[in-house]
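Chains here go by letter, A, B, C and D, matching the order in which they are written, and residues are numbered from 1 within each.
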Amino acid sequence: MESASNLLQSFQETRDVSLSLFAPLSAEDTSIQPIEDVSPPKWHLAHTTWYFETFILGMFCTDYKTYHPEYNYLFNSYYESIGERYLRAHRGNLSRPTSEEIIQYRKEIDNRVQDFFQNTGSKNQEALTLLELGIHHEQQHQELLLTDTKYILGHNPLFPKYQKTPPLKKPLQAIPLSYLDVPAGIYEIGHRDSEKFCFDNETGRHKQYLHAFQIANRLVTNEEYLQFIETGGYNNFEYWLSDGRAWVEKNKIYCPLYWLQENGKWYEYKLEGLQELDLSSPVTHVSYYEADAYASWQNSRLPTEFEWESAANIYTPKAAITGNFLDNAYIHPLPASSENLQFFGDVWEWTSSSYLPYPYYKRRKGALGEYNGKFMIDQMVLRGGSCATPKNHIRNTYRNFFQTNKRWQFTGIRLARHT
Amino acid sequence: MESASNLLQSFQETRDVSLSLFAPLSAEDTSIQPIEDVSPPKWHLAHTTWYFETFILGMFCTDYKTYHPEYNYLFNSYYESIGERYLRAHRGNLSRPTSEEIIQYRKEIDNRVQDFFQNTGSKNQEALTLLELGIHHEQQHQELLLTDTKYILGHNPLFPKYQKTPPLKKPLQAIPLSYLDVPAGIYEIGHRDSEKFCFDNETGRHKQYLHAFQIANRLVTNEEYLQFIETGGYNNFEYWLSDGRAWVEKNKIYCPLYWLQENGKWYEYKLEGLQELDLSSPVTHVSYYEADAYASWQNSRLPTEFEWESAANIYTPKAAITGNFLDNAYIHPLPASSENLQFFGDVWEWTSSSYLPYPYYKRRKGALGEYNGKFMIDQMVLRGGSCATPKNHIRNTYRNFFQTNKRWQFTGIRLARHT
Amino acid sequence: MESASNLLQSFQETRDVSLSLFAPLSAEDTSIQPIEDVSPPKWHLAHTTWYFETFILGMFCTDYKTYHPEYNYLFNSYYESIGERYLRAHRGNLSRPTSEEIIQYRKEIDNRVQDFFQNTGSKNQEALTLLELGIHHEQQHQELLLTDTKYILGHNPLFPKYQKTPPLKKPLQAIPLSYLDVPAGIYEIGHRDSEKFCFDNETGRHKQYLHAFQIANRLVTNEEYLQFIETGGYNNFEYWLSDGRAWVEKNKIYCPLYWLQENGKWYEYKLEGLQELDLSSPVTHVSYYEADAYASWQNSRLPTEFEWESAANIYTPKAAITGNFLDNAYIHPLPASSENLQFFGDVWEWTSSSYLPYPYYKRRKGALGEYNGKFMIDQMVLRGGSCATPKNHIRNTYRNFFQTNKRWQFTGIRLARHT
Amino acid sequence: MESASNLLQSFQETRDVSLSLFAPLSAEDTSIQPIEDVSPPKWHLAHTTWYFETFILGMFCTDYKTYHPEYNYLFNSYYESIGERYLRAHRGNLSRPTSEEIIQYRKEIDNRVQDFFQNTGSKNQEALTLLELGIHHEQQHQELLLTDTKYILGHNPLFPKYQKTPPLKKPLQAIPLSYLDVPAGIYEIGHRDSEKFCFDNETGRHKQYLHAFQIANRLVTNEEYLQFIETGGYNNFEYWLSDGRAWVEKNKIYCPLYWLQENGKWYEYKLEGLQELDLSSPVTHVSYYEADAYASWQNSRLPTEFEWESAANIYTPKAAITGNFLDNAYIHPLPASSENLQFFGDVWEWTSSSYLPYPYYKRRKGALGEYNGKFMIDQMVLRGGSCATPKNHIRNTYRNFFQTNKRWQFTGIRLARHT
């Protein structure tokens, strides 16, 4: 684990990033919840603060007096061990506390956390462990704050802009698609215990036998996906899982989320506003159903998470995690280049693996046992992080997971095939 | 009709009242929509402005250029003649335009309306008629702005206050319940054509034969309603309509909206905050089902709207419409006194009449034909205005109407019986 | 009231009619419930038997032993006074008791009822009153058995026939539409106490002032209604109540229930099978929304129930109730003739009156107080009986009632207008 | 593949078994569909017949004339390649064709199939392949016919009996729970191509590395599961997946399906009627959520399907598939004995593996490509067959699959753990 002072610095930097991501929003933007998946942006600011208050101050400060008696009820996300909580579906009904009040709450808790760790806390290993987890937890919510904001603004008929995009050298053209070989054999999967921080769902390093396979050298592009659309991919049941087909029909889906066709031209809403579709960028905001159907149409398939991790280990050695991350401030995927095979950053890559416990996985005791294990059903694993993920948050063993019909995250497609 | 200059003054006063009612709200309060019935407060500001822009400027100014190309789509409530409109249920998904932008919109349209009526508009009878309607329309939305605000704040676990209540001499005790006699005969119902402004649903003055009846001299109080609760009124099916019983069971209703019991004590949320229940004030925020069940429990009934109007004509002569209205700024019903039999103000009184067209009623042509007539089904008539109604908005022929299960308006109960 | 022996004869005749209506059904037909409104035909046989067992045998026979301990639970329709009951929506989940077992149940209860009334029962006025009510109750369920059967067979892709239609002289052409005058004045509405049996919702004979009006001399025909369809009536919001329009859009309604268009030709499912649409017959299986929209399109309106009753009194004197009833065995409306203005029989006529209590109406005490009063909300009154109503069941004061969106009864349209 | 004559004999035997399973039902039982999962029993008879008519007669008989023009529409389950189909959720709305008519349909198609294969068909390898698949398909529907019948009768308040149970020597006591060892290593999973018939989801024999583990020597018993209930297992969130907990709360689940507690005593509905709970029999009719929660409570887990198959290969050599199958006619699980470790028969065993394609799996072309592959998402694998499975239907590579919340199949629990 990092030293106490490093962690404390990291804590404050992370807290500051959250505030800066929040700054461009109007007070009205911060409070609404157009669908249950999307939390009001101010809720993320409050919930991450609640984490530090509950799991550090509340647990380790003697006679701790909570900042506000109702906040534990309002900002607990899903921890049943911590008591009753306000219903997720109703977060958008809460105009109070205002975002200003929540920023005050953050500042006060930041001070209290600093105080604690500059004193007794610095020697408290359990508290430091929870501090580190809290930093990674806040990074997860930074990504959600951005994707939720995108949903809020991108579904407003006025298509407001969240930001001006910084100038970036971006390749005009993605590299040609080719396939990388991975030989058959037994591979080690999961996080090494000796390594640095990881979430508990990555633990239980274990063996997987993989048959020989090939994996694409980059993500599927908008241009390629457009061909799938234009050749009738959404209307041909042969490519679709049965549930996927029902989802398409019920929701009248015919393109990725945030795409819009007007007068025969395709547009895509980005955080910088509504833009003409860039053909060479990776397709994003697709559901698992769409990813799987696209692969079927290509007579191909998605990689398993074990294949993905093994290929990432071989083709982008861990020492060199680079890519298009939140730190870039572009917050949209970019075309692949010969230096960037896109295993990391750009978009979360749907794998064909269900989110299930690794062998030997044990849920933690207590509240933090609710962090991951209880969600290990009916979700698919995504790998590699996205353009909205902080760079120092991702690992090659990192397991993200969503239900098959979710599209509001930066999700995308990499193909694989057996040899 | 009023003179153009009187109307224009009335217009500006009404517009200013709306802004002053809006002022205490946080930006976050103005944007959310916890249930479909409740519109975001800023929506009311925008929609009433849309009315003036669409039905006056858009119709009578040559080459009129709309303030914003999307606003007609966003702020049309239900006028199919005017074109496509944003779904009512999704009003709470719109963080933009912000409330600040909407206030700018109001100011600009106010100026344009002033300009128009200080020039050619002042001679345009049709435009003046629509101006007058627009003023009354805005007053309706003032009431809704308040009841929607009450819902938003009153359902927040923090129970924020909307306002400090002004000091008022209020009677400590309601006057004793007694019954007023109305003899049998043919009564004239509805608005006299010669009179001042009215909505089209009041027109078609016609005859109704009424059998002799008695009507209560005041509204039902919290104390009386509490007895209904405490003697098991909500659990005894005998008092309830079948649909009402299903509504009670499905929604686990056991008291009026905004009532709350803690440690055996009853509280009521008012716009001034959570307060101990005041026994002598009229019960409010009850559904038609509850009003009807209460009357059954009392071996009594609700008056028809014809009975109500006839009794109001007799017992509170029109010249003297007084009562506890929005102008009081108390915005909560108050106990009855011997000077105030509460026919007007305090709470809208549920009648046992369905909202149906009067004989000879004809829907207007064009968009304003959609104002009233198309809602004349499966709603019940309410009479008399409430503590949130502007005093100069109400008439003894005024017909309000809501579905039987609605409770977020200031609704209450007056009993009647045959003799 | 009828004499005991007359009632007993009437009882047995009515019971026999029910069985004969049931006879053409397959066992499979008798058990299913395609929508909540439609009860399985065998349920009607059982429920009407339950009535006699519960309200006569169970109440007046000392030490009465019920036929089956579960039947009170299974076949109670909605009487909360009688205890728990099986959910209406799940009636179609009950394959047992089989229809054969239910027929056995009927026979046994018939015998017990006969025994009782041939002995002590014949002097028991209260029991005789309930016997009479039970006969009329069973007649109501005969109509429902037929309309439910029609729904079951008419929604089967095989369109099975319920019966062969008896040969009938039927006019080839309906008489031309004209209007009958009714002068202004005070009219007496409701059942005379001195008269024979009526339901409690008809009691409370009272005065209504009616303005002068005209009422159509016959029902609206298929030909006339087809014009409404063909001139775009379903797509023009101006004719529709707001709720009606939402109903049309949500359910994609574009013609009456049981109509079907194939290769440009219209067909109608009747109990005798799928037939080409007969233009001169009355339109039927329309909702209140459709009836009201049709009237609007005609620049006309529906009569109130008071207008209907007054006109029926004038134009088809009570002594002469004739028409196309269940007794005809045709079970489909027929064209109007100069001898038959169709006030009675053919179709239930939607009125523009809400189903509300008459002045002085009081719910009965006990279970039978649940027969009518608790449904007096959010339903519209229909008058006159239909081709599925037993002739001796109907009266000019008879009030039927359904929700505005119901179409599976034989419902139709008669126009009225002010003069 | 079997010889043509063997297949034809097998065909007729299988068809006869279906009829004999159907025989005890009343016509009413055969037509209803209390929940969407449960098809009307007569539908199974018709659908399996439709299979032979569509995929054999329709494809290989020249100028084939279908038995009934609507049956392809009515009895297609989910094959989009075959055209439009009647909605699954509405199967219970079809009283016609009657069960008698469907039996006629079966007889006629049986004759036509016999004719075809006694002539040209006997040399048609593709037709014989589809015949063999059709036999196995019909066996699947025999099991569904029984579980659907159980749902229909077991949810009827009269609890009718389907059958009298044959006398069976059944052990009074299940053998004590112990654990069987399986060593780490690479295992071969899936069906050998050289072997006899299998479904396509079993193909793609491949390698899996398994860490060493132990697997229980028998299924979890009612007695053991009752302890889980009695120690509050359903109320303690720590044992439950998050979705499982939501499912328990929403549906108020507190015991397996078909269990019933009265006066402190537990009963279980079996096809022989309502019986006192037999403590030594395996628990059945539990969802995946319940199976997983039970395992958590035991500080244990469910086996993966790879572990299950490997253990079954070791501990119940293929040559000796024995167990309590449909052929027993008991149709309820029985206690384990030292000769019967219950890997096969009794109950389908929930595994912790998602239903996903094996490596190299390819969907077939054409309609039969819809048999399995399109369902490979958000379902869990079950292994081993049940007391309602025909003995000659099961294999150690057989993969059954259901959603996590399904309980109407004979599903049960076997524990596993890492060593």
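Everything that follows uses one rule, which is that contacts are C-beta pairs under 8 Å (C-beta built on N, C-alpha and C of every residue); 3 or more make two chains touch, one makes a residue touch a chain.
Keep in mind the model is a prediction, meaning the values are calculated, not measured.
Undergrad: Which chains contact both chain A and chain D?
TA: Joint contacts: the list comes back empty.
Undergrad: Taking the mean of the CA coordinates per chain, how far is chain A from chain B in Å?
TA: Between these chains, centre-to-centre, one finds 47 Å.
Undergrad: Let me have the rounded angstrom distance from the C-alpha centre of chain A over to the C-alpha centre of chain C, please.
TA: 60
Undergrad: Would you give the residues of chain A that are in contact with at least 2 other chains, written as numbers and ranges?
TA: Not one residue in chain A touches at least two other chains.
Undergrad: What pattern do the touching chains form: line, ring, star, complete or other?
TA: If you draw each chain as a dot and join those that touch, you get a single closed ring.
Undergrad: Using the contact rule from the top, write out all pairs of chains that touch.
TA: A-B, A-D, B-C, C-D
Undergrad: Give the list of chain C residues in touch with chain B in this complex.
TA: 78, 80, 186, 206-209, 211, 237-238, 240-245, 288, 292, 352-354, 356-357, 359-360, 369, 374-378, 404, 418
Undergrad: Note which residues of chain D are touching chain C in the complex, please.
TA: Residues in contact with chain C: 26-32, 34, 42, 70, 73-74, 86, 90, 92-99, 152-153, 155-158, 160.
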